[in-house]
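So that we are looking at the same thing, I have put the structure below in C-alpha cells.
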C-alpha cells in the first residue's frame, strides 16, 4: 500500500516549539556543570579543583532560569503552581515540581555551604544595604573558624552526593517525558532519557570549559593545564558515549523496521535531512569529535590544545542544541497519521519566537555574572584577582 | 556558639519552607478536589450544565406531530434539525413570540416562535447524494447531475433547466414522490 | 434499591408512530390535555440538569463505517453544539479511496464539515469508505496519564473530560493522544476535546453527532443497560478499535475497519 500524504485535521500546529527546545538545552548544561562539581567534591578529582565551585555557580544560574521558557510556553502561566498544588502522580510533568524543587534546595544548600566563607568576607568588607542583605543571606551567622570550615566541607560532600541522583533524574526526566509517549514513534524509545542525560553532560562540560578558558585567561580562575586536559578528556568520553547511544537508537529503529521506521525513515530523508545529518551529525558531532580526538592523538601542547578545545566546545554546544531541535521539533513534523508531514519556521518576534529563545538562553549567563558580582565571590579563593565579566560570552549559544 | 549553629539555622529555614509549602498546597487546593476521584468534582456539574442545542426528533414531534406522517418515507431517519434550523434556537425565543391567540387570529396554524431558515439550494441534498466512490454502493447517489436532471425532466415537462434545485421535482420528506404538477 | 434510568436513545419516527398508534385512548387523552406553553416546555428542559442517577452509567460508542455516507452532518452538529474553534475538530470524517494502482488516498477537507467534493485519483477506485473519528475515551488513557495537574480525567461514567479552569495549557496531552483528537483551543489556551456531549448524556440525550446521523452509523449507549444497542453490538458483532497495538483500550468501537485506516 502506498499512502498519499494525509495529516489529521487537528494536526496543523506545532505546539511544542522553541521554548521546549530551549528548556532541555538549559537543563542539560545545568546537569553537566553539576557533574563537574560532583567529580571534585564527591570523587575527589583534584585536577578539577579550579572549576569545582565555579561549576556549582554555573549549575545554579542555569537551574533558576530553567523554568522561564517552560512558563512562557504554557497557555496559562498564572496557573503554573497547579503543578505543585494538585499534581498528578502518574504524569511525567506532574513530578517536575518535586524533582525541580528538591534539586533546587540541594544545590542552593551546597552553594551556601561552599561559598559561606567568601560571603562572610564580602559582608565584612561591604557596607550599607549590601552588608545587610549579605548578612541576611548568611542568616546572621558570621562565625568562621577551622571547626565550621570542617563542618561545611563535610556537608558539601554529603549534599553533592545526594545531588548526583537528583541531578540525573532532573536532566533525564526530560528524556523520559519524550521517551514515554507511545503516540510518537520518533520519541518513544527507552534510550531517550540516557541520550538526553549524556548530551546534557556534554553541553555542561563544553560550556564550563569555554567559560574556564575565558576566565582563566583573564586570571579570574586559577589557570591549570591539568584541569583543562581533564575537562577535555571528560568531554571526549561523554561525546563517544553519546555517539554510541545515538547510533544504537537509530540502528534499532532501522533493524526493527516496525511502523516506527515507516515514519522515521521518511522524516529523516525529507524534513530532517539537512538539520539531522548535516548540521547535527556532520557539522556538530563529527567535527567536534574529530577535533577532540585529534587534540589527544596529536599530543598537542597548551596554546593550540586550548584553542582546539574551545572550538570543539562550541561545536559540541551547537550539536546539543541541534539535537534538542531535531528531537523536539522533528517529533512534531509528522502527523500522527504517520503519512502526513509539515514544516516549521519559527518567527522572530512571536511569543515563543527566536528572539525570546535567545534571551532565555543567554539569561543564565547574565544571572551568573550578577551573582558572582554581587556576592563578591572568588571561585579560586584568590582575593587579589579582579572579577571579570563572565556574562558576555554569548557567541556559542545559537547557530 | 556551637560549630553547627549555622547548619541548624539553615535547615530550620528549609523545614519552614517545606511547612509553608504544605500549608500553601492545602489552602489552594479546590474544595471539591477528590470528591469523585482525582479531579475537581465541581467540574462534572459544570460540564453537564452547558446548554443543549440539538434536540433530536422527539422534541419536534411534541408539537408538530400532525405533519409527521413519515413512517414509510425514505428520509424518516434524517433528523428534522439537519434541514430545518436548530430547535434550540427555535425555542429559546419562545417567550418573545406573539401569544398563541394572536397568532391564530392571523391565520397561522402554529405559534410562530422564531424564524427557521431552510437552505433550499441543492447543497444539503448533494452532501449525501452526490456520487462518491467511498459511499456504500446501495446508497442512492447521483453520478452526473446534469444527466439526472435531464432524464428526470423528460418524463415530465420536456424543458431542461440545469440550475433547478432538487425540491423542484422531489419532496424533501418523501424523496421518491414528485411534487404536484410534475408527477 | 436505586431504580436504574434507561438512557433515552433517539427514537425513529417509525417507532414513535407505533407507540402513538398503539392506543387510541392514549392519543385521545393526549389531545384533550392542555399542551404546555412553549415557555413552560423550554423551562422544563433547561432546568433538567441531570437525570436522578446520572452517575450510574458506563458509556460506549460504536461507529459503523459500513453505513457512513460522509455527509458531514455530525461534524456540523458538533461544531454548533460545542462551539469548537475554526480549524479544530472534536469529531471529523476521513475519506479513504484505495485504487488499483496500490495507492491509498486519504483526505478530510475541513474535517468533512462541508461534506466531500468528488476527488480525482490515479487509477480506478477498488474500494472506498468513510471513517468518522472522535475521542476514543480510552480506559488505559494516555492523555489523562500525562496531565500534570489532573485537569484531564476520567469520570465515573467512563467519559474523559478536560477541566478548563485548571488546565495550564502545556500541551502534553495533545502530544500523548495517539488519535490526535485533542487540540489547544486558541481562544482559551487550554486543551479541548470531544466529551461525548457530556451536557447532553447527563440529561438523557445522545451526543449531537449521534442525534443527527441519518444512517445510524454512529451509535451511543450505556453498557450497564442490558438491552442497549451498543452492548448488543459489542457482544454479538466483530468490533475493532483504532491502533490496538498501543493498548489504550478505547471505548469507541468500529465495525468494518479496514487495514488502511490510520
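A few comments on the model shown:
Lettered A, B and C in written order, each chain numbered from 1.
As a convention for this text, contacts are C-beta pairs under 8 Å (C-beta built on N, C-alpha and C of every residue); 3 or more make two chains touch, one makes a residue touch a chain.
Owing to the predicted nature of the structure, the values given are computational and were not obtained by experimental measurement.
Of the two interfaces, A-B and A-C, the higher number of touching C-beta pairs belongs to A-C.
Remark: the per-chain Cα centre closest to the mean position of all protein Cα atoms belongs to C. In terms of their C-alpha centroids, the spacing between subunit B and subunit C amounts to 12 Å. With centres set at the average Cα position, the gap from subunit A to subunit B is 51 Å.
For the pair subunit A and subunit C, the distance between mean C-alpha positions equals 45 Å. Looking at subunit C, one finds that residues 150-151, 166 touch two or more other chains. Taken residue by residue, subunit B touches two or more other chains at 30, 33, 38, whereas all remaining positions touch fewer. In subunit A, the residues that touch at least two other chains are 85-86, 88.
Residues of subunit C touching subunit B in their complex: 10-14, 16-17, 20, 35, 37-39, 41-42, 45-46, 49-50, 54-55, 66-73, 77, 80-81, 95-97, 114-116, 118, 125, 128-130, 150-151, 153-156, 161, 163, 165-166, 195, 198-200, 202-203, 205-206, 208, 211-212, 214-216. Subunit C contributes residues 87-89, 92, 94, 98, 101-108, 110-111, 133, 142, 144-151, 166-172, 174-184, 188-190, 246, 259-260, 262 to its touches with subunit A in the complex. Those residues of subunit A whose C-beta lies close enough to touch subunit B in the complex are 81, 84-86, 88, 105, 109, 112, 116, 138-139, 141, 143, 145, 147-148, 150-151, 155. Partner subunit C is touched in their complex by these residues of subunit A: 1-4, 6, 8-13, 15-16, 73-77, 79-80, 82-83, 85-88, 90-94, 96, 177, 181-184, 332, 335-339. Residues 1, 3-7, 9-10, 13-14, 17, 21, 24-25, 28-30, 33, 38 of subunit B touch subunit A in their complex.
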